[in-house]
Amino acid sequence: MNSFGKLFKVSVYGESHGNSVGVIIDGVPSGIKIEEDDFTIDLLRRKAGAIGTTTRFEEDVPYLNSGVFNNFSTGSPLMINFLNKNTISKDYTIFKEIPRPSHADFVSEVKYNGFQDYRGGGHFSGRVTVGIVAAGVIAKKITNYKYKTEIINLGGETNKSRFKEILSNLRDEDDSLGGIVEIRVNNLPVGLGEPYFDSVESYISHLLFSVGGVKGVEFGLGFKGVELKGSQFNDMIIDKNGTTKTNNNGGINGGITNGNELVIRVMIKPTPSILKKQETFNFKTNKMDVLNIEGRHDNAIIIRGQVVLEAMVAIALADLTLINNAYKK
Amino acid sequence: MNSFGKLFKVSVYGESHGNSVGVIIDGVPSGIKIEEDDFTIDLLRRKAGAIGTTTRFEEDVPYLNSGVFNNFSTGSPLMINFLNKNTISKDYTIFKEIPRPSHADFVSEVKYNGFQDYRGGGHFSGRVTVGIVAAGVIAKKITNYKYKTEIINLGGETNKSRFKEILSNLRDEDDSLGGIVEIRVNNLPVGLGEPYFDSVESYISHLLFSVGGVKGVEFGLGFKGVELKGSQFNDMIIDKNGTTKTNNNGGINGGITNGNELVIRVMIKPTPSILKKQETFNFKTNKMDVLNIEGRHDNAIIIRGQVVLEAMVAIALADLTLINNAYKK
Amino acid sequence: MNSFGKLFKVSVYGESHGNSVGVIIDGVPSGIKIEEDDFTIDLLRRKAGAIGTTTRFEEDVPYLNSGVFNNFSTGSPLMINFLNKNTISKDYTIFKEIPRPSHADFVSEVKYNGFQDYRGGGHFSGRVTVGIVAAGVIAKKITNYKYKTEIINLGGETNKSRFKEILSNLRDEDDSLGGIVEIRVNNLPVGLGEPYFDSVESYISHLLFSVGGVKGVEFGLGFKGVELKGSQFNDMIIDKNGTTKTNNNGGINGGITNGNELVIRVMIKPTPSILKKQETFNFKTNKMDVLNIEGRHDNAIIIRGQVVLEAMVAIALADLTLINNAYKK
Amino acid sequence: MNSFGKLFKVSVYGESHGNSVGVIIDGVPSGIKIEEDDFTIDLLRRKAGAIGTTTRFEEDVPYLNSGVFNNFSTGSPLMINFLNKNTISKDYTIFKEIPRPSHADFVSEVKYNGFQDYRGGGHFSGRVTVGIVAAGVIAKKITNYKYKTEIINLGGETNKSRFKEILSNLRDEDDSLGGIVEIRVNNLPVGLGEPYFDSVESYISHLLFSVGGVKGVEFGLGFKGVELKGSQFNDMIIDKNGTTKTNNNGGINGGITNGNELVIRVMIKPTPSILKKQETFNFKTNKMDVLNIEGRHDNAIIIRGQVVLEAMVAIALADLTLINNAYKK
């Protein structure tokens, strides 16, 4: 469903080529200072324009329609929307006939019996994530956690000084790349996360995997931890605050934050919409065909996607924080 | 919280050393044939006794207390419980003073202000997963999907013929190992998964990460997919059913099943409770100390954990199937 | 919270004097024909202008921002909003000092620590119900139930021919009245409602009591049924469809629709905002004071409220219908 | 569904003639003192034996299977169950052929396609409420509210000194009666209740209407308030705590507690199972027939039902209290 959260609840709406996209954020405590400027940095991080990103450039002005009065949250839901101005009209029906490989075209055609808004990916478009970023900004304001987010792997390359060149070559090849984003969160209390089903990992992964293109999520050492024995993997506690010498568990034990740095890595697959020609099935002719995608697309959605993933983590932690508060006197 | 699911809802209770553990399974359609024998195979897969597993041996007889009448589901909730018989009394307060590294001891002490049932890990014990396996059996019965689950990596080793030897050595070393489980599901329809937040990956990862020790989840190619370009990663559709030539997306596009094989990999960390001595913090003396864990523990919880992970996937898919049904006439 | 529903989920936002109010409607099956005209009749029924209603007249044009494409629902959430144009600026801070009796002024001041948007009642304003009416229209379209709604008691008077005169006198007295609305629903299947907690009465009353001013809800004979013995109250079944001779249970047995007419009565209290002077407490002076309310208010909110209550019933039944569908093959 | 609550979550299971009924109570903060004796008084209030109640006498010993350790809540879910010992075997299939009027027999036959456990009403039996009473006891312990519950109307009679005689006559007539229960709660803070959909009235009515036989719920003056004008109905605030001179709103404004006494009235219909012969439809012969109900039944379920209704109110208030806590620092 298009809502998530028990106490800090985010509901999204909108399509790529509708008149607006946006979000209702419910469960924001009253008295939080909120100004339009608060959104600027994170919205800029998501914006098009850099190498590897689309040329569809939206202004992304956040309209705060409710829930804020005299620059403070009121306790009522915030509705924040963004107008879609820069949509180019063209014939998108081609993707109903020849669904883009690795894209939602085929599954949405079947699931919605052909009634989906297929223009620009409709509700499956990355455009919807602009509201997520806005919700993430609010989530960060109601907690006091420190986020550090970066791409640690781009198309297999881990040397960051080479990223610019890689992205530049990519455009020439009409191809795309994926990568790995690492998110580190500090200043967390001990105790977030609710057994049995709402572990910190459960909550965060639920939200991260709702972002289009995410295909892997790991915490701490993650998959690499398989190489270690228990005596090597276990994080020795070294003081009464629970500080550990290593952090192979990524700040979480038994699904609950242990006060150490939260370490998350997220794999985003290569953007499926590429200008390079692809062979695939034509549902109209019932034969194999060649798909020629035009339009404006990101070669590496991961560039703009980082802040969306960070926002998702922030939303998860805001909700878990409120839930944890509830049980404390 | 200790419940998960919108229409197929699973609620767990119980502690390692209480008198029983169990599960309420709500949302089972009426008229499903259910007999006690149905649970035998999966409960056996979770059972202790094999190399690498604990010597605490529970009978694991499932008591069906409600929701089944004349061997058919009634439409009312099933309560299934399991008695804890084989608990050994000993002094567990040592873990309040010297919490086991990488274990929930420290975080539960803080979160629950010392009131947690710390005997044998309490509610954090793997013992609770026996109810999950039972719920998984029911989940599989209300759908028609085919599961294939196996360990593809044990402590870094991928050659299965060497697993037995590795486990045997492990016991001698008083140490433990983790590994990677791969779950493949076939016979799925196109269309499971609900945007924006309840993608198939979101739902499945939420449940998988609620299992103690899981530190990574990936779908299809997962993290390895970072090496490929879009033109290589994209799965070419080859017929009108949506069959794809490759399956790098692991059967999911846009968060929705595409009818191809669902491919999931799960990393389980090495069991934290090892007999080998460990240096760590003593909260009573406020100094570093040496922890000497006794008792019966698994050297590789992954052996018994496979079926628990499979059950979690089945629970996720059962709920998503019912939700998808709701919107079809 | 500001969302309700498991599969047909309605989320509201907005304040009386913000720039817009609206609703996200999630869980609308794809392929439902939806046009702006569909909203006209129900929005008109809620509109100001008739005797007993406010002179604040809003155009109430519904903007469909998402979820509808080529006049059919897409399966993605509908966001429908309404602009607030006709707000009169004045000083509302008086209600922070002298909260209106029987109104939300005092409780919202305490609950939100004074940060609430108090202008025109803010989020507690009846203005928010315009989105509910829109959601009700959609709810009715995805089911096939027949609604008949009327005021059966206005300020103690049950003779409808006298209502106009009563309302006219009321304005002269600067006072207000409540009443009882009766909602009858036909064409319902047997089987809606989910034990144990989601009985039809539970669901419907939950939504009805979320409307400001509702103080009583009853089904079938309701409170009057206390006069009858079991042998008189019991509804004799007279055919194989479950038709009953009497309908004292109001179409519901064991919390589940029985296929007979659903009969609901709702008590709405007199509108608290009256022009007549009232003695009450002044929180600034800490003394009793006289409150003199100005502005535009309804003398009998029940007139415009009927369609809101009907919408709430429709929303409840739409969700229960989808849930019931889910468990049928 | 068979669960209710966001943070204080109650899940029920069980049938009248199964081996046990019970409840999982999730979201109990750790450190609450809980002993088996705590349940004695409320379970006694629900017990059979008094005039007007059934002769089926169950011991109702509460088994605390989890969540309590050393007499304190642990923070993990409580599972409390009760054995069904005193079930009399007989042929209940008669109610599949001739469903009892006003009972769940017919609707459950249709909804569950004949697979329901029909013995003694199965999951629809009042037997399930024993777990609700246990959950209510816990709910009261985590809050500090004062409850006063009484029958104010029995079969139309409001003079309590006549109740005993009425019940006695009823048994002779093989008939049944309903009545009205009034629940008053004191010591409440200002601020419980969450707009828009989770008003105090919404939450409480949702739970009350899930009890079999409840057909009306009102707050404060309720339906009688229809006789008053706004100037008469409005509750004048008389001090800075928000104390009001009258309490026509029953302690709630805008869906939020205002600190005054909470006043709730609940109508319970006459018990449908009566020994008196009734004419009704026979689904086997497809003709009208005479139903002759035997067995042990309450003539006035309201006697034992009072404490169940009180428990439901307590459950609602416990959840709303935890939610309200969450948003306070």
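Letters are used for the chains, namely A, B, C and D, taken in the order the chains are written, and counting of residues starts over at 1 for each.
The definition used in the following text is that contacts are C-beta pairs under 8 Å (C-beta built on N, C-alpha and C of every residue); 3 or more make two chains touch, one makes a residue touch a chain.
Being a predicted model, the structure only gives us computed values, none of them experimental.
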- Task: Moving only to chains each one touches, count the minimum steps from chain B until you reach chain C.
- Result: 1
- A student comparing A-B to A-C should find more C-beta pairs in contact for A-B
- Item | Chain at maximum distance from chain A, centres defined as averaged CA atoms | D
- Any idea how many Å lie between the Cα centroids of chain A and chain D? 44
- Task: Provide the C-alpha centroid distance between chain A and chain B, rounded to the nearest whole angstrom.
- Result: 25
- Note on the structure: So, in whole Å, the Cα centroid of chain A is separated from that of chain C by 37
- Item | chain B: positions in contact with at least two other chains | 1-3, 6-7, 12, 27, 30, 75-76, 108, 111, 123, 195
- Taking the complex as given, what residues does chain D use to touch chain A? 6-7, 27, 29-30, 75-76, 195, 322-323, 325-329
- Query: Can you name the residues of chain C that touch chain A in the complex?
  - Reply: 1-3, 7, 9, 11-15, 18-22, 24, 26-27, 30-31, 63, 65-67, 69, 72-79, 81, 108, 111-113, 115-117, 119, 122-123
- Task: Give every residue of chain A touching chain B within the complex, in rising order.
- Result: 1-4, 6, 12, 99-104, 106-108, 110-111, 123-124, 128, 153, 155-156, 170, 173, 175-180, 190-191, 194-199, 201-203, 205-207, 209-210, 212, 214-223, 225-240, 242, 244, 248-250, 253-258, 267, 269-274, 276, 278-281, 283, 286, 288, 324
